[in-house]
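Each of the two complexes below includes chain A, the first together with chain B, the second together with chain C.
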Partner chain A sequence: MARLRGTGIAAVNYPTGMNLGGDPSQALIHATTSGSFVVSLSATDLGQGLRTAIGQIAAETLGVEYDQIVIDTADTDTGPHDMGTYASRATHRVGNAVIAAATEARGDLLNVAALELDAAVDDLELDGHGNVTVKGAPARTAKLADVAANAQFKYGRMIAGRGSFMKPKSPVDPETGAMDPDSTEAHACTVAEVEVDTETGEVAVLSIRSAYEVGRQVNPALVQGQIVGGAWMGMSHALYETTAPYYPAVDHSPKDFSEYLMPGTLEMPEIECVVLEVPSSNGPYGVKGIGEMTANSPIPAIINAIYHATGVRIDDLPVTPEKILLGLEAKHRGLS
Partner chain B sequence: MASTIVTFELGGREVEVMVKPMTTLQSVLRNQLGFTATKEGCRQGGCGSCTVLVNGEPMMSCLLPVEDVAGQRVTTLESITPAEGLHPLQRAFLDANAFQCGYCTPGMVMISKALLDHDPAPSDDDIRQALTGNICRCTGYRPIVRAVQAAAEAMSDDAGEQAR
Partner chain C sequence: MSSHLNVVGQSVRRSDGIGHVTGRTQYSADRSFPGMLHLKMVRSPLHHALIKGIDLSDAERVPGFVRALTAKDVPHNRYTILSLIGVEPEEEFVLAEDRVRFKGEAIVAIVAETEAAAFEAVSKVHLDLEELPAVFDVEEALKPGAPIVTHWGNNTFMYEGHPCRRVRFGDVDKAFEQADYIVEGVYNTSPIEQAPMETTGCIAVPEANGRYIVYTNTQALYFSLDNTSIILQIPGNRLHFIGGTVGGGFGGKVDVIVEPIATLAAILTNRPVRFTYSRSEEMQVSSTRSAWRIYMKDGVMKDGRIVARKVTSYADSGAYSRQTPYALTKHAANAAGPYNIPNVSIDAYCVYTNRQPSSAMRGFGITMASFALEVQMDKIAERVGVDPWTIRFINAYRNGDMKPHRKLAEDATLIETMQAAATLVGHELPDEFKAMTSAPRDASHDGGRE
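After this line comes the complex of A and B, so read on.
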């Protein structure tokens, strides 16, 4: 009996969005009387930080501070339409819609600011910190909050913008099968190290190290969070998670979330990543999707590491200790 | 059965609630007192998102009948959040990005506070052991463990400065 170590590698190319025959995301933006901008969406933040990333994109396009943006994803019944947060599409699709809406709202804003400052729209610039100024005349400046309030109370205008982004349905070439199903693709490669206890069949993951190419990062801390959390989820899928019984009797299946097996703090491996940025041609500021892919490559990397350590090739998840021991026994008897 | 009046200390103030028998502390905190930092995850003591301190000891408030804390001292995330700024643990969680959806965070902060109150300089393994009853589905735990380490160091530096 021994503890055997092995190293495995796996790579993933992951599509951003998918071809569902028209896949729109829409956004509405309007200024409040206090000079903040409400971005109304039906795309949902699942906890991954969509609201933060979209707020950053809206602030960048409008030329205002991040904390002037209010993201409202309250209600899919009444909000502008969105196909949803799936296929790692939301930052890409919603981001593009928000850029369009913010560009229109910025136009309204500058038109009112031109009245306020008695200047041509083309002569105005936003400083990104909540002020609009006449180029070359720093004294002729106004706070956006005042411009927004005056738009409504002095000029009877609404500062607002509409944005919609849709990747059209891509037909399939009947001869070749060629089509264009996604918007862009992110890439990653993972190396996992494991230690397999040949007496108990238990697998300890020692490290998960990955390199990701994800286009432009809107928020590097959120990207890092996705990668590290996703590595844990991949490890969890590889070795622990199933709603089916672990062992033949149905009594062994989890009855509720408290019995549903996942790795905890004591099982956590070293997790490291490096991120490369190759901006996409069609994402907002070069974004690609990073979400689902982070749980992908760790799984085959761990399975390959188990094979490297033991010579046992397992193709049925999760890899329970029983599967390891049965595989070792079969190998010992020369059955595989 | 008839309702009873239960009195306990919450964040340094005495509170009085009228409850049916077996009403949990967690339900009282959220639904009667409006202290919503304490979360309701599994309602069976399996996830730790409802962790509060009772007389300084961590407890799963979803399993705790409020009658059992009569006359006791209850501490929630609201109790340790200063009027201005953040508790060092909150600051460290923020700096380490030790959350995504944030649902487990109040419980994680409270279990970590119980650990640091007991042991101001825990090892990496001590922290991992302390957090085993608290489930996080997003972060992969490493950022949380790092945040607790950073908070321990920050609080130890603060204590050192106060001693000088």
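After this line comes the complex of A and C, so read on.
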């Protein structure tokens, strides 16, 4: 009996969004009296940090500070239409809609600022920190909060914008499968190291190290959260999870987390990543979707590592200790 | 470009983080309303059966029982959530009518003053069921004589006249004849639970003005609202859906299962109604990731080039299709992987069985394709006699390559991503792979692979 170590790799691409029957997201933005901007949406935040990422995109496009953005979601009475948060689409679709809305609102803002500063709109610039200034004349500056307040009380203007983004429907050719089902592709390559205990059949994942190419990171900490969480989920799919342990048999289906196995914190390996940014042509600031894909490459990387360690190929997920021991036994019998 | 960005690219603190770590974030089930009722389901104990009778008399005598809902109470009981985008036919039932097709299928909704009363009344509903033969395996379900799950006579979703989503690109048969090696594999994956921390649920609240507020943890507010409007046959302007932070979705909360029946119960009782899945319902009743069986056959040349790939995939949709037909389409567009393969044939079947329905989950149609084809790549490497990095660099797609579904590759960076991974782990690549890029192929440099 031994503990055998092996390394496996896997490389994947992953599409951003889908087309369905046309895939729209919409956004509304308006300024308040104090110079903050309310972004109204109906997109839901699944805990991945959508509100934060969308707030950053709105702040960037408006040219204001992130703290000035209020994300108001998700309410069908106030938020314009959104298809939903799935298919790695939200940051891409909602982000594009918010850029369009923010661009329009920024135009309104600069028009009022031009009145305030007695300057042409084209001569104005936003510093991203709450001020609008006449280019080349730093003394001629106004605080956005004052511009927003005066828009309401002095000029009777509304600073607002609306934005819509849609991936048009692409019908599939039923004969050839010709279709345009997505907006861009993100990429990952994972290297996994495992140690297999040939006595118990247990697999310890020692490390999951990956390179990701995601177009543009809006918030690197949130991207890292997806990568680490996805590595855990991929490891869990590869080695633990099933609602039908003996598919197609229907017995032994789990009812709770004491029967539905997943790795705990003690099983978590070292997870390391590097992130490349090659902006996409159609995402907000070049974003591609990273939401779903992070569970994908760890699975085959772990399975390939088990083969590298043991010489046993197991093509049925999850690779439980039982399957490893049966595989080792079959290999042993084949050799003897 | 990034040097001109102020806040995009910065790890600003997430706006909801403090609420999450201090337990103050409000999820849909955290709300409570005066007079709120609780809805629990009577579910089929059998995998496939005819419903001969439902006896509610004992349940109605349980203290706290308010009312029961059966199929005849639901205005548009047979529905398909993707009908919003033109997918047919309508096939699933809010509450079962004459037949149940999976163990756990909803038959009667019980509404009661307390959860305990609802559970007790559920246990006192007597069902008269006649068990039917059931089928649980994707390939068994396609054999002649298999029990038929659907109402249209076969066990596959029909794609414009075909029993599978097809991709046809080049001539795989001719390429297999010319290939030096044939590498085949069969890959099986289990159904998997999305396992969100927060189970699926909602609370429907009647308002004085005739509208209904539905607090829900759906991943798609309008999708849920529009389907509820169809099922209940009430105008969308009487529905007001409020979401917020979802306690984990992973695709498990896009099926529109709880909102229509909870809203109907609120309409019929004129009281707030809460319907939240227990953990066992989440695991045994709500949709899973499909089980997949994937047959993969590749034709490979001695130099490692893959010249043909044939894929036959079966996704186990369970008793109803929900989002699974679209997963097969997505699968078909991605089953060749990030590689440039000139001849590809894909048949992807959405198969009905008497299992718990499957539907969307993170990686929808692709996670399991990636598993199969990346293990297959290692088998090919071994057969050709090269290492796993080499086989992937040799076949990596580049910008301008035509993918099997006839979309030109753009934004391809597989090569650069693999180079970065090799650097990360200290794997020394040969110079030719270090110099490779995803730039469009140039005939004068590398022969412009067909």
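Keep in mind that, in the parts below, the second predicted complex is superposed on the first by the 312 of 336 C-alpha atoms of A that agree within 3 Å, B and C clash if a C-alpha of one lies under 4 Å from a C-alpha of the other, contacts with A are read in each partner's own complex, and residues count from 1 in each chain.
As a working rule, contacts are C-beta pairs under 8 Å (C-beta built on N, C-alpha and C of every residue); 3 or more make two chains touch, one makes a residue touch a chain.
Model, not experiment: these values are computed from the prediction.
Within the superposed three-chain model, A:Ala145 lies out of touch with both chain B and chain C [touch as defined at top].
Contact with neither chain B nor chain C is seen for A:Val134 once the two complexes are overlaid on the shared chain. When the shared chain is aligned, chain B comes close enough to touch A:Gly229, but chain C does not. Legend: residue contacts after superposition of the two complexes on their common chain; A:Ile271 is shown touching chain B, with no touch to chain C. When the shared chain is aligned, chain C comes close enough to touch A:Thr242, but chain B does not. In the superposition on chain A, A:Met18 contacts chain C only, with no contact to chain B. In the superposed pair of complexes, A:Asp180 makes contact with chain C only, with no contact to chain B. In the superposition on chain A, A:Phe257 makes contact with both chain B and chain C. With both complexes superposed, C is the one of chain B and chain C in contact with more chain A residues. When both complexes are overlaid on chain A, the residue A:Ala114 reaches neither chain B nor chain C. In the superposition on the C-alpha atoms of chain A, the part of chain A touched by chain B in one complex and by chain C in the other spans residues 46-47, 49, 221-222, 233, 256-257, 262.
Chain A meets chain C in the complex at residues 8-15, 18, 20-22, 42, 44-47, 49, 51-52, 55-57, 59-60, 63, 65-66, 71, 73-77, 79, 81-87, 128-129, 172, 174-182, 184-185, 187-191, 209-213, 215-222, 233, 237, 241-245, 247-250, 253-257, 260, 262, 272-274, 276-281, 285-286, 288, 291-293, 295-297, 299-301, 303-304, 307, 313, 315-318. Of all the residues in chain A, the ones that touch chain B in their complex are 46-49, 221-222, 224-226, 228-233, 256-259, 262, 264-266, 268, 271. On the chain B side of its complex with chain A, the touching residues are 42, 44-47, 97, 100-103, 127-129, 131-132, 135, 137-145.
Listed in rising order, the residues of chain C touching chain A in the complex are 1-2, 5-16, 20, 47, 84-86, 103, 136-137, 140, 159-162, 165-169, 185-193, 195, 218-223, 225, 239-251, 254, 279-280, 283-284, 288, 291, 326, 329-330, 332-334, 337-338, 346, 353, 355-356, 360, 362-364, 366-368, 370-372, 374-375, 377-379, 388-389, 392, 396-397, 404-407, 409-414, 416-421, 423-425, 427.
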